[in-house]
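Look for chain A in each of the two complexes below; its partner is chain B in the first and chain C in the second.
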Partner chain A sequence: MTNVLLLIFTISLLYLGIAHRLLTYIKILAVQGILLFGIAFIELIQINAVNLTLILLETIVIKTIAIPLFLQYIMKRNRITRDTEPFLPNFISLIIITLIIIATFILSNTITDSRISRIFFVVALSTLFTGLYIIATRHKIITHVMGYLVIENGVFILSLAVGNEMPVLVNLGILLDIFASVFLLGIFVNRIGDELKDVDVDQLKSLKD
Partner chain B sequence: MEVSMTGIYLAGALGLAALVFLNKNRIINYLLVIAFLFLQVGFTVYAYMHFNQTELHYFTFDGLGILLLVTLTIISIPAVYHSYIYLGSKQDNPGHTAIYFGAVIILLMALSAAYLSNHIAVTWIFVELTTLSASALIYHRRNNRSLEGTWKYVFVCAISITLVFIGILFLSFSLPQAGTEDLSFKNLISKGNTLNIFWLRLAFIFIFTGFTAKMGLVPMYTAGIDAKDKAPSPAGALLSSVLMNVGFVGIFRFYTVAANTNIHTWANHVMMISAILSIFVATVYMSRMKNIKRMFAYSSIEHAGIIILGLVAGGIGYYAAILHIILHSFVKSSLFFQQGQIYRVYKSKSIYDVGNYFKYNHTGAIVMLLAFFFSSAMPPSGLFISEFMIFRALFEANYLWLLVVVMILLTIIIWAFGKNVFKLLFTPPVEFKEENIEKINPMESLSQYILLGLVVYLGLNPPQEFVSLIQDAIQNLPH
Partner chain C sequence: MISFVLIILASLFFTGIIIRTKSITSGRKGPGIFQPMQDILRLLKKGAVYSKTTSFIFQIAPSIYFASVITAIMVIPLGAYKGIISFEGDFVFFAYVLGVGKFFNIISALDTGSSFEGMGASREALFSMFAEPAFFILMGSLALLTGHSSFQQIFNSLHFGSSISYVLGILATFVLTIITMVENSRMPFDDPKTHLELTMVHEVMILDNNGFDLGLIFYTTSLKFAMYGCLIANLFMGDFPLYLTIPIFFGMQILFAMAIGLLESFTARFRMNHNAQYILALSSVSLLIFLGVLLILGLFN
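Entry: the complex of A and B
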């Protein structure tokens, strides 16, 4: 069951590569939240109940509901246009993300340790690099934040791989959400959408050498 | 439950910061900040008196922690004083002043805790806290450019802190199955030979890359430059001295773990590549830099590279690296404090708008001249001693080609730095109106003289306690 959920998660990364609209990105993030809820529930069922509840609530309330809704609200309030504006055509994005997944598969073959299941490693690393790829190839500030959220989901999967032995590390991963909320609040409070006209990283080029 | 001083310190600092945030009265805020300074000094003295004791399970007063804590406390007092001058001169909104001082208190508290932490996850939490508080300082001027600087800084630091977290996860994979789940540095060092090499290598790459954002090394140095440029100069002094040290603590403590395993040579090569690229980047940018503050920031990149080279070289280089980072903190913070005065005279950071500084601010110009000589490691600067030891260690470790490259790059840096500093000090500025120049009180430069004096004293005639603390810090490294 975990493997099925992890595979669906990987497919969602490919969908992220070809999605045109910001709203689709937000929906993918919400779906990933639900998948993480499922994986965490199956994997961590043995740990202490209070901690498990905390982790599950975090995935469902924050990752699946609060952050996507807030992103949608910011989009409306700051009047951000709905296109994702990638630098590269979507077809190339799809190929690159596929290559990322294949590369992590090959890398995972070098693992000799039997304790860590390879599929967690593969999915987590491909999510991480897909997130970095999205940050590097999209114009808008809000897509950068979404890329960061994708990276964070990858890290969460990786922490689940040791979740049974060290649940503390899963809790630490939750602290990363603080950063994401700082970004979102930063866009929200400063109305980066209004101040820097098009919410485009091209506006962030006055500091250079 | 036993009451520990660390607990009192953390709770006290948080409480004072909350009071400063809530309070809008200027005088009461200054009193609260002074109260925090007393708490900071008291905690530092307490830590020194209780050498090698562990409190709250996660904080140990070891050699490295105490050295950097004392450095932080020494720099924090002039930093608060210069912030007071800076904020007083701008007639700032009291709310913004409150946020500024509250962020300073949180930053200093988080840095102190991160220095003393003996557990990699606890270090990680407090490093995360330093990013949040530093971003409030960078954003202080609230214009588009500072917003841009803050955004870039927070984003790059968030990515880097995520990389460190991934490194910690890989590190937990590398632990042997035999019942140990303890990620404290002490346990990791003692279990060094049983760690899984594959996961440890991945962990080293991720943790090192993550902490380079704080320390200012290739690849993640970029955000720090914008941050130091856009932050008010007293905050810039903190960012380029004590905040850099927190990156060093992270790298150094984990390097100590790696040095006791089979990946020691490999880790040295990784760090060497990063260090040499950092010095190269600093050379390239400093030779064409026209913004004084950014030039200082790139000078920090250069010194961070030299410090890492000290670790790579080993032997006497370990000692020299610790000495170098402490002395560099004093020199660089006094340069940034002085930069605040330069800005008040010329109202500009560009090298084209400044000049003939000796005429307008005699005391400050002498600080500038001395700090330039000290920063480029000319005697009697203590940095001369530490750089000389690092070069000797490189020579002894058969890195002769590396030494030659580094020396050529450092010569170019001294030329570039000197060209701009002498322009600032002696060449008359073009179209500069002398009527409304702000008179700078010479007493404002006193703290810089004290810091520079410390650099000479600690370099040329280090007290015995200082030497033994450094030796304690490097005792776990293989000699």
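Entry: the complex of A and C
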């Protein structure tokens, strides 16, 4: 069952590559939260009840409900346009994300450590690299934060793979979520729209004596 | 043999069910489910008019297109029962026989010398090209999973043991459904009801065909739908006895037709320049099926 959820998670990464609108990104992030809830519930059923409740509440309340709603609110308040504005066409994004998945699969094959589950490793690493790729190739600041959230989901998956032995790692993964919400609050408080306006170099051209 | 007869039977009502579903979802009663067949019969009774600029290719192309699809249908099994033709590696034969039909369709469109038809032909070739790797990666992974290389053996020994193989079945259904939509030029990729030649794909290629030829092309579309429906139904049959496979077959065909009708009612068409990436996404999904198969078999350990 975990494998099923992880495969669906990987398909959501491909969808992230070809999505055109910010609203679709937000929906994908919410779906990823639900998938992470399922994976965490199945994998971490053995750890103590308080910690498990904390982790499950974090995935379902913060990842699935709070962050997407907050992102949507920021988009409305700061009047961010709905297009994702990638530097590269989505067609190339799709090919690159597919290549990332293949590359991590081959990479995982070279690692001969029997303690780590291979499919967790593949999905976590490809999520990490996809997040990095999205940060590198999208124009807007809010998309960078979304890419960071994707990276953070990848870290969470990797920590789940070893969560039964070391529950502390999962909690550390949750701390990254708080870090991401600080980013979001920064955008919220400073009313940053599509990009940072105050570093507009064009204004200097009007300085003449 | 039994699959051939059943596919022909299913093709009689398939497009009718799609049109009926679309009518009901848009609040109309709609024509009976055999109405498309009656239209095709009316067309088949007519003669054909050929333009003077066309050569013999334009005249033979619809028949070759029809014949290629009939030949492809002969390969398809029904559960444990072989098709009329069955040999090792027949899924390659299946794909390229369909390719021959498509090739003749394309050059007959170019033969008319109309600028619109050349455009449609170019698009059709591009979209089929992107759909091909998806089909081969899918069938290749199923062949790897079962260890056989003909349709009948693959579908016969396809068993759903672990939970991951259920996902493979669902993903395979998804990939085959979208391939059907691409190959038949249906809604998310092409709108069969559009009236603007600039945005057509398949419809613009048959603008000059009329009478008997047009009827043949319409019936071929219906046959292709039933053919892919049978492929999807095969994924869920295994080696069941005949009294179970026939109800499964007809159930799947009706479900598939209704699903296509619903999909066409509720989705808008993709922008033409975005089509290629959506079709290529299909290849990525089948690549995931391939990785899933490798995980099941433990080949990557």
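Convention: the second predicted complex is superposed on the first by the 193 of 209 C-alpha atoms of A that agree within 3 Å, B and C clash if a C-alpha of one lies under 4 Å from a C-alpha of the other, contacts with A are read in each partner's own complex, and residues count from 1 in each chain.
The rule is simple: a contact is a pair of C-beta atoms (placed from the backbone, for glycine too) under 8 Å apart; a residue touches a chain by one contact, two chains touch by 3 or more.
Since this is a predicted model, take the numbers as computed values, not measurements.
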Superposed partners chain B and chain C on chain A - clash or fit: fit
As a test of reading the superposition: which chain, chain B or chain C, is in touch with more residues of chain A? B
Given the touch rule stated above, what does A:I101 touch, chain B (first), chain C (second), both, or neither? second
Draw lines from the C-alpha centre of chain A to the C-alpha centres of chain B and chain C: what angle do they form, to the nearest 10°? 150
Between chain B (first) and chain C (second), which does A:I18 come into contact with in this model arrangement: first, second, both, or neither? second
Taking the superposition as given, does A:Y73 touch the first partner, chain B, the second, chain C, both, or neither? neither
Could you tell me if A:F87 is touching chain B, chain C, both of them or neither one (first, second, both, neither)? neither
Closest CA approach of chain B to chain C after superposing, in angstrom, is 15
Interface residues of chain A shared between complexes with chain B and chain C: none
Residue numbers of chain A touching chain B in their complex, please. 110-113, 115-116, 128, 132, 135, 141, 144, 148, 151-152, 155, 158-159, 161-162, 165-166, 168-169, 172-173, 175-176, 178-180, 182-183, 186, 190, 192, 195-196, 203-204, 206-207, 209
Touching residues of chain C toward chain A in the complex: what are they? 163-164, 166-167, 171, 274, 276-278, 280-281, 283-285, 287-288, 291-292, 295, 300-301
Chain B contacts chain A in the complex at 121, 124-125, 128, 131-132, 135, 144-145, 147-152, 154-155, 158-159, 161-162, 165-166, 168-169, 172-173, 177, 181, 196, 198-199, 225-226, 229-230, 285, 288-289, 294
Within their complex, chain A touches chain C through residues 1, 3-4, 7-8, 10-11, 14-15, 18, 20, 89-91, 94-95, 97-98, 101-102, 105, 108-109, 118-119, 122
